[in-house]
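Take a look at the structures listed below.
One chain, subunit A, appears in both complexes that follow, with subunit B as partner in the first and subunit C in the second.
Then we have the complex of A and B:
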């Protein structure tokens, strides 16, 4: 079976401070039909940029390398027309802030039917009928009224449902959701995530879900890709993401979340700050914040190496995994045992 | 038990809002009869979602909004009415300081970190220039920055560093209370942990009290002693943090707790509830 989306050795450079600097290094991932991949990382990790690069939604003067293939179509070399057609019919995008993506002076009805009528040649009355139906599907209580309303009359959660509705109208095969619930209240986030999951499953759509929240990522996806400094440093199944991270960054990210269930004297913290891709030296981009770092980590970039349940870009992934999965299995003095809380 | 440094009693705030076409004005009660106290050196979490009134409460405590009703007293002095004289405003600033969510907008982009702290010290202390310089170094040390950062403009700092500067600026007045309005919400997870540890350490060392406004219950668990849960301007639950989070009594508190992604979390369970 061929993948719906195949990204190989993707690199992106953007003009920063007047010269081209890397924001994505050598990212490879693939997505099968109906599969959900979550991309997780902190700000500047490149998680949004990699999704945007897939759709050709990069700023002007960006330079890309590698290849992106959507259902066999090479996207990085695709013409404007071809890209536009794919964005219109086959790939939908949901952004963090629906208020920035929906024209505030048009009614919701106009927003939802515009593309159908103008680009897909659907008759106006039929387009409205479809829009009303899809608003029902995103569980908006009074869809006829909603169609007549303006964006400012709706709450953020309602507007994000409208955004999801607009994506569903085109019946795409792939949804790119870039932090779609980050700006929402936590109870609204739960509702929107459940909704997105139901609708996507019912239609067999694949999704790339971009978030900074590992626990949210694990709940909604099949696989998780963790990004740091413009690189995918780990991929793993969602079932393993919270229990068996193989990369020290993923592990540290999990530990540094404030614990809802118990108070700790000191939250384990990662020293320093997240690095941007262009700041990274020749070695592992995480080495200066990593508690397991050795000399070679500073000088040599580790490969993204596959193991049975994922892949990790770490020189010491094998020994750390051995220590984590089989604690006390006598692997010699060189592997640190799982550190005490606050022992950074 | 120590005495209370902050008392809010029957706090109310109503706003006039435009209705739809032809409906004229209507009244929105943003904060409805909210009372709480904060012990000296304590930490109270005010928890709620958008529209709960939590930020309006923060703004009333800091004197950025005048309450429509009720009473606020800090360090035994009433501040329910706007301060008229500048001396009174300074005194209030000396009692209570605020840290906002967004360190990108709460600092002056043209002012260096050192000059920002210098200004706060000039306003709120009697220190001479030499004393101020020493105190700036001390404040930067407290928040994990050093004198190199004193010469930096905010744009040269990371988000976490800027929030540290905002905290140092609040500390410069040696206030009895700091109101933190979603102060760690915009930070990356790894930076958030650093700032939370910093806040806990500063409270233990200086005895400053916090009103911590947030939507994040995990942060309340790590920072606060007591919690107040707000829904649509009203208090629906209050108590010690352990009691509120481990044994929530109100349906809304339970819903908030169940909405937080944790291992094994399934968002569908909530929609059913």
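Then we have the complex of A and C:
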């Protein structure tokens, strides 16, 4: 089966402080129909920007390189009309903050039916009927009433369901979900994610799920891509994501999770601060914060090297893997032979 | 003070259709009160009254504007001529009422034409950005640099006197003011997430501008339009005063002010009354406009 979305050597440069600075370096990933890819990383790692680049939703003076092909259509070079058609019917996007992403002065019904009625030529009453049906599916209690309400009358969780409903209405083949639960509180998060996954699965839609929560990523996705400083530093199956990370950064992320079964005085942190893509030197962008760093890590960029269960961008990936340094979640990093400068 | 107004009888009287209508009217009034304040409401009411009088001039005015009563020239205010008469025996009140028509029609044309040009330009500027934005902004700067009254005099020299050439030339001069304010509002709005969300839904740029961007900055445009209306009223009166705008004997507030013989003869009432009316209108319009823009600034914060 050919890939639905094929991103190759994608690079994005944005004007920052008056100069074009890279925010994504050479990112490649692909997505089959019905598959879910989670992109994980800290703020500024380029995960949102890669999703936006796919849909051409970049600031006006951004420059892109590489290629993005959706079902064989090159998106980076697509014309306005072609891109519009794909946005309208084939790819949907869910935003982080639903309150910001829905026009506050229009009713929910207008928001949900606007594209259907105005662009897809669906009859108004029929569009409302469909909207009501989808609202029922996203488990909004009184959909008819909801259609008449304004965004400020709904809670954040309800609004995000409305957002999901609006994406489902267009029946796209691919959903880009950009941190869809970050603005919600934790209990609502779980509901919304479960709902999104159920509805997507039932319709066979593929999804790119962007989050900074590795566990959430592993739970919802088939594969996980970990981004750091504008690069994909590791891709792995979600089954391995929590148990067998191959990149020191992924491992460090795992160790920085709070764990209910362990009592710790302080949640471990990764020392230093995240590097923006344009700040990175010639070497591995993570070397300053990496406990396994060697001399060559500082000077030479490691390639993204594939192994049986994924790919990792680390000079010492093979070595570290061979030494079985990744004992899995929860054990807190206690392998004796490892060099541990100022442990975390 | 808005607490008393915002109590909503519509909630109580939802039964009858009249009740619902009254409720809706009440809510609209309360909303307006929230935006304008009590003085603003009074100012708006005054303006509406003036506009109504202008529209209903044939019914309201006691005399025809040019009906001369040569037996009572320069008469003092009396029961038959409430504000007295001028040097040819024309009723000043009637001339004032008829004069409201041209005096208000002019600024309406000015801000109407200016807004119709300015808002699409501002929208194109904000939506497209980049070179389009630079080009449009430079053109606006160019028009900005040219004084409005001078432009009007130039156009009158080319196309002749009258309300239309004067109004259109002032419209051109006022356009960049409205466009600039609209553009900055649109730029702020354009960078909001919901616009990006509409964009990725695949709606065309024109539809997003017309149905979402422009309506959401309508209050900014309204406040600018209102303030411009006041300025245009004064500028057009000045052009009338210079003899370039409305021509006598057609009655117009500016024409009435331009009556130097009345001043020389010591009948200053004839000149002072239209002056007061102009000042009152401009003050009311400007106050309403300021209230509207204050609301925007409060909302922006």
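Here is the rule we use: the second predicted complex is superposed on the first by the 322 of 344 C-alpha atoms of A that agree within 3 Å, B and C clash if a C-alpha of one lies under 4 Å from a C-alpha of the other, contacts with A are read in each partner's own complex, and residues count from 1 in each chain.
The definition used in the following text is that contacts are C-beta pairs under 8 Å (C-beta built on N, C-alpha and C of every residue); 3 or more make two chains touch, one makes a residue touch a chain.
Source: prediction; values computed, not measured.
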Classify the contacts of A:43 with the two partner chains as first (subunit B alone), second (subunit C alone), both, or neither.
-> first
Touching partner for A:88 - first (subunit B), second (subunit C), both, neither | second
Considering only touches as defined above, state whether A:194 meets subunit B (first), subunit C (second), both or neither.
-> first
In the superposed arrangement, does A:216 touch subunit B (first), subunit C (second), both or neither?
-> first
Touch check for A:17: first (subunit B), second (subunit C), both, or neither?
-> neither
Classify the contacts of A:60 with the two partner chains as first (subunit B alone), second (subunit C alone), both, or neither.
-> second
Please determine whether it is subunit B or subunit C that touches the greater number of subunit A residues.
-> B
Check the residue A:266 against both partner chains and state whether it touches subunit B (first), subunit C (second), both, or neither.
-> first
Common interface positions of subunit A, toward subunit B and toward subunit C | none
What does subunit C use to touch subunit A in their complex?
-> 129-130, 192-194, 196-204, 207, 211-212, 215-216
Going by the contact rule at the top, pick out the subunit B residues touching subunit A in the complex.
-> 49-50, 158-161, 188-194, 196-197, 200, 215-219, 221-222, 241, 245, 255-263, 265-268, 270-271
Report the residues of subunit A in contact with subunit B in the complex, numbered from low to high.
-> 42-43, 155-156, 185-191, 193-195, 197-198, 212-213, 215-216, 218-220, 242-243, 252-253, 256-264, 266-270, 273-274, 289
State the interface residues of subunit A toward subunit C in the complex, per the touch definition above.
-> 55, 57, 60-61, 84-89, 91-93, 95-97, 100-106, 114-115, 118-119, 163, 166, 170
